[in-house]
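Chain naming follows the written order as A, B and C, and within any one chain the residues start at number 1.
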Amino acid sequence: MGRYVIRRLLQMIPVFIGATFLIFLMVYALGDPVTGLFGDRAPDAATAARLRAEFNLDKPVWQQYLLYMGNIFTGDFGTAFNGRPVTELLAQAIPISFRLMLVAIVFEIVLGIVLGVVTGLRRGKAADTSVLMATLVVIAIPTFVLGTTLQFFLGVKLGWINPAVSPAAPFDELLVPGIILALVSLAYVTRLTRTSIVENARADYVRTAVAKGLPRRRVTTRHLLRNSLIPVVTYLGADIGTLMAGAIVTERIFNIQGVGYQLYEGILRQNSPTVVGFVVVLVLIFLVANLLVDLLYAVLDPRIRYA
Amino acid sequence: MTDDRLLEVRDLEVEFTTRDGVVRALNGVSYGVDAGETLAVLGESGSGKSVTAQAIMGILDMPPGRITGGEILFQGRDLLGLGAEERRKIRGPKMAMIFQDALSSLNPVLSVGFQLGEMFRVHRGASRKEAKERAVELMERVRIPAARQRVNDYPHEFSGGMRQRIMIAMALALEPDLIIADEPTTALDVTVQAQVMDLLADLQREYRMGLILITHDLGVVADTADRIAVMYAGRIVENAPVKELYAAPAHPYTKGLLDSIPRLDQKGGQLYAISGLPPNLLHVPDGCPFHPRCPRARDRCRTDLPPLYAVSERAAGGAADATAEAAEAAAADAAHDDIARVPEVGERSSACHYWKETVDDARRA
Amino acid sequence: MPEPNRPDTPLDAQGAALDEAVVTRGEPGRARSLSSDAWHDLRRNPVFVISALLILFLLLIAIWPSSIASRDPLYCQLSRSLEGPAPGHWFGFDTQGCDVYTRVVYGARASIAVGVCATLGVALLGTVVGGLAGFFGGFWDALLSRTTDVFFAVPLVLGAIVFLSMIQLSGIWPVVLVIAALGWPQIARIARGAVITAKQNDYVQAARALGASNSRILLRHILPNAVAPVIVMATIMLGTIIALEATLSFLGVGLRPPTVSWGVDISSASDGMQFRNAPHILLYPAAALSLCVLAFIMMGDAVRDALDPKLR
């Protein structure tokens, strides 16, 4: 197991380098970091040149990348659009986004799996068909439409929630945004669990469990569920990425000052250190989440070889 | 019906609803097993062997399956009249099943110790520790080497033969009165097959269990079975003690099966193969379902569905030494008594209008 | 990130080891291939029929919007801003005083064009990368799979926002380009898996033994088998890509006015909650977008169910 973890960690390195380089390339090669510093005013040529030299922008892009990564590993993420260090912005935004994602993930796991199991066991019945249709509708309505509409009805019309989340973003204010963020993934988790349950319910080992005289409940929880959740766990790992990206939309709608919100501000203001810094952190979170899921996967399915 | 009669299936009928219509998988199947007896159920794929077994165990998928008639008497009780919970309590302590493919029939993500111990925890209320202890004992029972070290291993870590032993151990766990083994050795190597069959036969003798051995392998049957029920297209076509059936089959289908076994003493001869394909259960032929493939088929076979005739030694066997004419005369006499008589479940019987000729031909050969 | 090694036999065996009586239902008199079987199922599946008709309709209005909307989507009367439904203007007017109905009809073109073109790009790129990785294995597989992992690690929305805001261009083609360039890893993984499965088929081994060339094996034997899962995935993705275009437009980096698209209209309707007094300006484009996405997802779903005999 230990060797497996090390091997996976080593495999992550090229992926991390590649993904961050890709974003770095977009920001530093396609965009113009210097213009970004000045906002709408155009800098004079001499100042621009001085800044280019200062930020190593006159060097080839791969050198810039190496220098940038070197700084990152010493904890220097550069200066954000508001003049404060990017790290400070990150420290402020990450806990907020983490809370939002926690709400979303818990909601999606609990409700998604329950709905998936219920529909999978009642395949073809009315409850199954209606939940399936509902998941399709949820997938089809874009998050930003649902988000704005719910914000309007719950926040403005009914006044049940605060339409804009306060800067502190406590859990209770993140409930509705978290659910909206989770909805599409919730629909996928439901469908995936259902499919997996349906497939496994016909498996020979389930028939064996019934033939052993086990009570229905035990057959479902001990034998069917455990096997059926293996693909769902894999999905949840990849979904961390979707949730992080989706948070850009949700955080913008509800004015939540998390990672997505700050990243979006950075993009709008063309502030390269903010954009690259945040993306580097997001990629890292994504990779670590996937590693954890892989390990969980190996625990759930003993057939995985740690070779 | 003897007092020893453990299980008796009477006129069992099962249908499956499929996309292409209703399939009649079983059309009145009857057979019986006594305590300590081995009944081999023989037939091609789709003949209804496994469906009968699943109906007895109560693990038939319903829907699409449906039991439309008949009864399953187990220790004097009709199982079909019992509620789901009562049936569940019979599975395990009273009857158990061994499946064909142990790799897919064992749960891949649970250790074999857990799966064996589960029987004791659920049916006997044993503690986790106790259950594990019993699991080790069971594994030793079925002669798995280093049982104590391997009890926490997963099914995929065992060889095919060892896995099938675990299946057997699981079925034996609560010392049931009846074991149904559905092609227990089909998925195994030939050398391992013999070991597993020997083990099963030993344990059956030891515990004096009834055993229903579902197979399409006549070689396995000869060594272990007491009686044989041959199935074709959802019916029993012949039911006989194993020696009598081998000596002289009373149904052309059984004869075809026997003739298709390679034999050392007839080296060089052409191996017999039953012509044609098993019938499509959506369109079972009129009359005798076997008639399109039967070398003995006559007009009557195409129209009249043969009932199970009682096969008596007096009618056929007595004529063995006589001339063909005398034999036919004797058969004609006997026919008066036999045709009207419905055979007892378990009595030697054949579902062929011309069973006498079949038996006699076999004797003469 | 590579899938952990796992034996593929147990799950396959479970699917195959159905009850013997049930297995016979696959062979009623006439033999049926999987694809004709799937087609037989699909024609009777109301979900498929409805979604196919809907897609056909949407494609037609995307090509000939003028056939059902006679006005000009860019002709607006500010004096009628946010007015409700009126005779000849069933859906009312938006903030600029443009006819919402006409804009909804014309919006189909941009949304579907982006969806179709980007999906084609994604499918093509993904199939090539995944197919080559699966077919050649070894070094090429390692290289291409790691490349796939790299692109997989960058969330599509995130990458698209960064890219589009950096190049400072908007319009259909940049959006198509960025989605195609970043969205292919999912297809690549599916294609790679399908090719590896197909490669192990006996007839492919036989073709190889008979001395068929690599390209012939790939094109004749492997591709036809690998293409079905890719098509299913691509159909489902088409729906989500249309939604993605709208999301990008909502965030201000996708399509921008004067381009007429559902995303642009939804974006301007929700900007500052302009829809609070005139819900129709949000409702109609949002409904059209959702219906279109739903149609493609339903179709992909129905096709997948039909092609996967395990779920019957």
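We take it that a residue touches a chain if its C-beta (ideal position, glycine included) is under 8 Å from a C-beta of that chain, and two chains touch if they have at least 3 such contacts.
Keep in mind the model is a prediction, meaning the values are calculated, not measured.
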{"item": "Length of the shortest touching-chain route, chain A through to chain B", "value": "1"}
{"item": "Distance-maximising chain from chain B - centres being C-alpha averages", "value": "A"}
{"item": "Chain whose Cα centroid lies nearest the overall Cα centroid", "value": "C"}
{"item": "Chain A and chain B: spacing of chain centres that average the CA atoms, whole Å", "value": "56"}
{"item": "Rounded Å distance between chain A and chain C, as computed from the means of their C-alpha atoms", "value": "21"}
{"item": "Where chain B and chain C are represented by their mean Cα positions, the distance between them in whole Å", "value": "52"}
{"item": "Shared interface positions of chain C, touching two or more other chains", "value": "7, 10, 13-14, 17"}
{"item": "Per-residue multi-chain contacts in chain A, two or more chains", "value": "203-205, 301, 303"}
{"item": "Residues of chain B engaged with two or more neighbouring chains", "value": "101, 104, 108, 156"}
{"item": "Sites on chain A touched by chain B in the complex", "value": "203-205, 207-215, 218, 222-223, 226-227, 230, 300-303"}
{"item": "Contacting residues of chain B [partner chain A, same complex]", "value": "57, 59, 88-93, 96-97, 99, 101, 104-111, 118-119, 122-123, 154, 156, 170"}
{"item": "Footprint of chain C on chain A - complex, ascending", "value": "11-12, 14-16, 18-19, 22-23, 26-27, 30-31, 136-137, 139-145, 148-149, 152, 156, 195, 198-200, 202-205, 238, 241-242, 244-246, 248-249, 252, 263-264, 267-268, 270, 275, 279, 282-283, 286-287, 290-291, 294, 297-298, 301, 303-305, 307"}
{"item": "Of all residues in chain C, those that touch chain A in their complex", "value": "1-2, 4-7, 10-11, 13-15, 17-18, 146-147, 149-159, 161-163, 165-168, 239-240, 243, 246-247, 250-253, 266, 270, 273, 275-276, 282, 286, 289-291, 293-294, 297-298, 301, 310-311"}
